[in-house]
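Two complexes follow with chain A in common, the first pairing it with chain B and the second with chain C.
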Partner chain A sequence: MKIELNITKANMFEWARNYCFVLPAIAIFSVFYIYPFYEIFNLSLHEWNGISPNRVYIGFENFKELMQDEVWWSSLVHAGYITLIALTFQNTLAFALALACDREIKLKKFYRVVFFIPPVLSEVVVGLIWQWILHAGVQGGEQIGLLNRFLDKIGLHHMVNDWLSDPKTALTCIAVVHSWKGFGWGFIILLAGLQTIDKQLYEAARVDGATSWQSFRNVTVPMMVPVILVVVILTVLGSMQVFVLILSMVNQGLVFHTEVPVTRILVAMTGTNRFGYACAMGINFGVVLIMISLLFKIISSRMKQA
Partner chain B sequence: MIQCNKYRLYSGAKNFGINVFLLSVAVTCLFPLFWMLRCSFMSLDTIFVDKSLIPPPLVFTNYITAWTKGNFGVYLLNSVIYTASVVVGIVIISSLAAYAFSRLEFPGRNFFFYMFVLALMIPLPGSFVPLVVMMNKIGLANTRIGYILCMINVGLSMSILILKTFFDKMPSDLEDAARIDGCGRLLIWWHVALPLARPAIAVIVIFNSLNVWNEFILAQLLLNDEALMPLQKGVMLFTNTNSVDYPVIMAGLVISVTPIILVYLAMQKHIIKGLTSGTVIGESC
Partner chain C sequence: MKKIAHVVCVVIVGVAIFCNITGCVRTPPEKNVVTVWHWMTDRDQAFKELAARYEEQTGIKIKINLYAPSDAFSRKVVASAQAKVLPDIYGILGKKKIFASFIEGGFVVDLTAEFQKDNKQWEKSLFPKALAANRFVEGNVYNTPPGIYGVPIDVTNIQMLYNKKLLAKAGIKHPPKTFAELLAANKALARVGVSGLVSGFGEAWMAECFASNYAFNIMGQEKVFATYRGEVPYTDPDWLKVFTVFKTLTEEGVFARGIVTKGNKYAEQDFALERAAFSFNGSWCVNVYHKMNPNLEYGAMLPPAISTEYPMRIWGYAGSSFVVNNHSVRKDTAIAFLKWLTAAEQQAYLARETKNLPANRRALASVPDVLSDFAEVMDQTTHPSIWPLDESSLVLEKFDKGLQSIIIGEKTPEQIAQEVQEVKEREMAKQKRK
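Right after this comes the complex of A and B.
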């Protein structure tokens, strides 16, 4: 059989007209995504201060230096700590709230609206409000910050603290505020997941004499595994990359206890003018994030098989 | 009988506990916002010492100071300009592309579509570094159009994916009818496909509006001229230069938060719908 090639003039014209539909998107995408994507790899192999016309090619020196950079690795640990708190505290809270709202309860709509208000706010706004609440100053013998004033009032003077400067508490405060801002996402997604579970399954479990714990353990949780995994991946990728919140909550100085990878990239770029090093950090961090999400992909496919 | 009462008591207590739990979390969500509002109505003399929940003399001058001296009027206008133009740009560009990916034929269709999908799945945390270098090189740094184009790119991939999924599920009968009536593909896209895709477009509009309104880092790196800054950068700038003037800072925060909260309250149904459809996409990836 003879295969007819359909590349006629009319056909070419047709394609060209169809290409016009995707052209604007591809043009913007090429200039603002693909080119920077290529350039980040290119720059990471150079030493460049951002201004000088000649970039010095240094091979993988930036990456070698990064391996030795203790501040960088501790910043990854900090991001991991924030993520851990977000995964446990924030997601448990979100799941508990979703379960509570899945039953017949008064003010259900009100809660749904209110819990999603913090995610709507910007990180700058959230950071500044909480910085003010956690303020550690004292004026005329009175605590300025709301939290310290409250602790002072109820007699817990020993708990009064400089929350955002103390290396012991700063990162935890950031993580808690991050969770405050973020739990609404998990809540809405998990609630939507809960509402898709067939109520007959609960009915069947009840008829079989299951207690409410057993029906939660054997009906709710297995049905929710895919949704929970989505929330977990979103939480991990979001929390690892948190940084605007940190910029607005603490003034980064010479102390490194609230540094996270993206603030390190920013410092390398705008502070010490080492653009190549900043790009190497970005690539290194990107690889870490891809490995984490692949890990979750593998776990989720294993769970689907089981 | 006693058994029954005991059960009722138990479930009553359980319901009470659940309500207390939900209510306390709701208060935790709202209280910081209330505190911001309260502090924005105080003066520098009272803000550090007054302990009452609602301070008796409400001071409105903070808002005037923020609006004029703090430049918040300009920032607000800029944020509105950026948000509106980016969202309009994304809706037009992404719906054109998604329509072509779903309905029209041309070589490399799948290749280009998966290019956009892939961009969603690869996190590139430091991408702002080469982006800013490029913007400086081509002279688009510190311009409105440069920032708008960058932000269109940020929302493009997700919007194309959402719209393409929507068009794929949408029956093409109406488009066929329009074609038989002699409509060209551009007219079909505008008169048939776009109006039918309204639910998906609502989702795109809301999420991109939130995203652009709240964006900070690109504004921080690209826009140095105070006349071009959006609210998020303006608030940070003001805080860094007037770090003790908390009443005015809080007034500035109220100005920057109010529009987005009003939009949210007006459109919150679509947000929930969008999040759930986003989950479906996340699962299928």
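Right after this comes the complex of A and C.
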């Protein structure tokens, strides 16, 4: 009986010791993840202006209103459009440049540095630079904006436009600038991936009579699939959450044409002071991002199997 | 040996948890140091200079912390209020409803007794209009206990500015006083390749302010307030006239290209670099233009009136104000500093250095010449912060975005009026349900 008690004491000590080791992780996870999420969900069930001590419980009213909020859903579509441009234009550019820099070309290191400059610049700075490039004003009959001036000089007067104040072009301009700023990340990751491909595979393909295109299609692309998937996921998550660039390029936006989910959340929190509604938006947006991530995870595992 | 290792591990883990917990604990406030948070980039140096003088005189250190731009400052103040880590003195930006929420939350000291001490000496030294934005009257719509809760540092108003050189170049002898004259002036300016009006309409409140000027001019204050109460619809012919002002100014090419997404900083740059003949901006611009182009020759004018039935009313009164944190352990020291800051000598220094209209009436003599145009029309000012009622922020968002839609030619004034009215009715129904 005495021996059993000793074993129990030892087990207790072991149990306590083990929990001591995981306690900091649990504490940090609870304080910085579980509690904020609980608080966000709790706030989403209230009407609250963010300052007042009184929060009014309104149940799922914020979520109901969100379902009917056309501006919110169109903001998700806008974020999707920016993501689509980033997935195609940005990643194609990144892959093409990575392929070029993977070869033995002159000034290879210089190009690597140059291509990585846009990602390290602040989004505010990038936004302001592009705002100047796309400036629509005229002074003394001369275009002020660099793009309009260029178009004017080469005789394409009909293409001169008010780029950031035209609903047809504003979002595309933002998407292109976002891609320009972001392609450097993809470039670096893809270049690193390309450098891990065994050169002997290309040698073997060449011995078998493969053309450059066939080598690219049958060696480079299959070997790069896992890396491309990582770049795609990072691009999607980064592009869906873009907002600083938008604020610095079009301020509070062009009507609702340049709204994305994060700008809507910001407006709800600090513009219309509806913290509860902003939290409901945040939860809805989080669910959308989780669904997209899961979709890519499924695609990724299927591609790996294939 | 194994047991010792276990004990050491447990101690390390315990210390780590202790450090984590104590690391989150607030540091005790420094003695004899008053912390001030503000957003006024152009006044930061002057505030720091005054803080140094105050320390020299009293031995109390004033820590001036700048957080800009203003919207980032607003977010910081709201987040700090939620975490109860506000400084001794800070500013509250935004609508009066927000100010009222801070008071309701217990974050602001009621300064009424201080203002009324010594036969209201402090209150009398300041312009009543400067105090109005910080005053809550009996029976206000926010149910805030009546009192004065903030200390004005300066007064401001928002008007149109005109470039004297560019107007002369177009053969225009005097700035336009009527809407028709503005359109005629714009035609003359266009002939010499000069853009018309530039403003920061990318910041929605500026377009709203411009529209509000014309709303007061076209239908008068009572009808504007009746609309906010829901008694007059936004589809009323007078509101259509207000929306049509934007359509006309767009169609006549008065608005400079890109105005709809332009931030005010960029608009200020365009006017200072003589890219446009007119600007719609606040009296703070005097300092900004001076820094951007000291040789700029310009004057201030009221937005040209469209109707003679009611006077043109511009936004004014509320300049920058500071409040004292109710949770501060140095409330009295903070109040003493604000009294010193709003005294004539310090106000004169601020007016000279920052080219803003002072809140202290005795410091007005120190105002630079160019500001006198702004000072002259203070009687014609009004401001949402002193209105007895508040329009729903969702209605205002629709209104502001609607103005943008009209400027880019996407929608007609009638469509926008209808859309704004729909939101208004929805909000009123929501209020009724509550």
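To be clear about the criterion, the second predicted complex is superposed on the first by the 269 of 306 C-alpha atoms of A that agree within 3 Å, B and C clash if a C-alpha of one lies under 4 Å from a C-alpha of the other, contacts with A are read in each partner's own complex, and residues count from 1 in each chain.
Heads up, the rule we're going with is that a residue touches a chain if its C-beta (ideal position, glycine included) is under 8 Å from a C-beta of that chain, and two chains touch if they have at least 3 such contacts.
What you are looking at is a predicted structure, and each value in this text was computed from that prediction instead of being measured.
In the superposition on chain A, A:Val250 makes contact with chain C only, not with chain B.
If you count the residues of chain A touched by chain B and by chain C, you find the higher number for B.
Using the contact criterion defined above for the overlaid structures, shared-chain residue A:Ser74 touches neither chain B nor chain C, since it reaches no partner.
When the two complexes are overlaid on their common chain A, residue A:Ala100 makes contact with chain B while staying clear of chain C. By the touch criterion defined above, A:Val124 reaches chain B but does not reach chain C.
Once chain A of one complex is fitted onto chain A of the other, the partner contacts of A:Leu164 are limited to chain C, with no touch recorded for chain B. Within the superposed three-chain model, A:Ile144 lies in touch with chain B and with chain C [touch as defined at top].
After overlaying the two complexes on the shared chain, residue contacts for A:Ala136 are found with chain C alone; chain B is out of touch. Legend: residue contacts after superposition of the two complexes on their common chain; A:Pro53 is shown touching chain C, with no touch to chain B. Of the two partner chains, chain C is the only one touched by A:Val267; chain B is not. Common to the chain B-facing and chain C-facing surfaces of chain A are residues 17, 21, 24, 28, 50, 137, 139-140, 144, 269-270. For chain B in complex with chain A, the touching residues are 15, 18-19, 21-22, 25-26, 28-30, 32-33, 35-36, 39, 48-49, 51, 92-94, 96-97, 99-101, 104-107, 112, 115-116, 119, 121-127, 129-134, 149-150, 152-153, 156-157, 160, 185, 189, 210, 213-214, 216-217, 221, 232, 235-236, 239, 246, 249-250, 253, 256-257, 260-261, 264-265, 268, 271-272, 275-276, 279, 282-283.
On the side of chain A, the complex with chain C involves touching residues 13, 17, 20-21, 23-24, 27-28, 49-54, 131, 135-141, 144, 162, 164-167, 170, 249-256, 267, 269-274. In the complex of the two chains, the chain C residues touching chain A come out as 6, 9-10, 13-14, 16-17, 20, 71, 74-75, 78, 81-82, 94, 97-98, 101-102, 104-107, 193, 195, 200, 202-204, 256-263, 266, 270, 273-276, 393-394, 397, 401, 404-405, 408, 410. Across the interface of their complex, chain B is touched by residues 14-15, 17-19, 21-22, 24-26, 28-29, 31-33, 35-37, 39-40, 43, 50, 93, 96-97, 100-101, 103, 105-107, 110-118, 120-126, 128-130, 132-133, 137, 139-140, 142, 144, 146, 149, 180, 184-185, 188-189, 192-193, 226-227, 230, 233-234, 237, 241, 243-244, 247-248, 261-262, 265-266, 269-270, 275, 278-279, 281-283, 285-286, 289-290, 293 of chain A.
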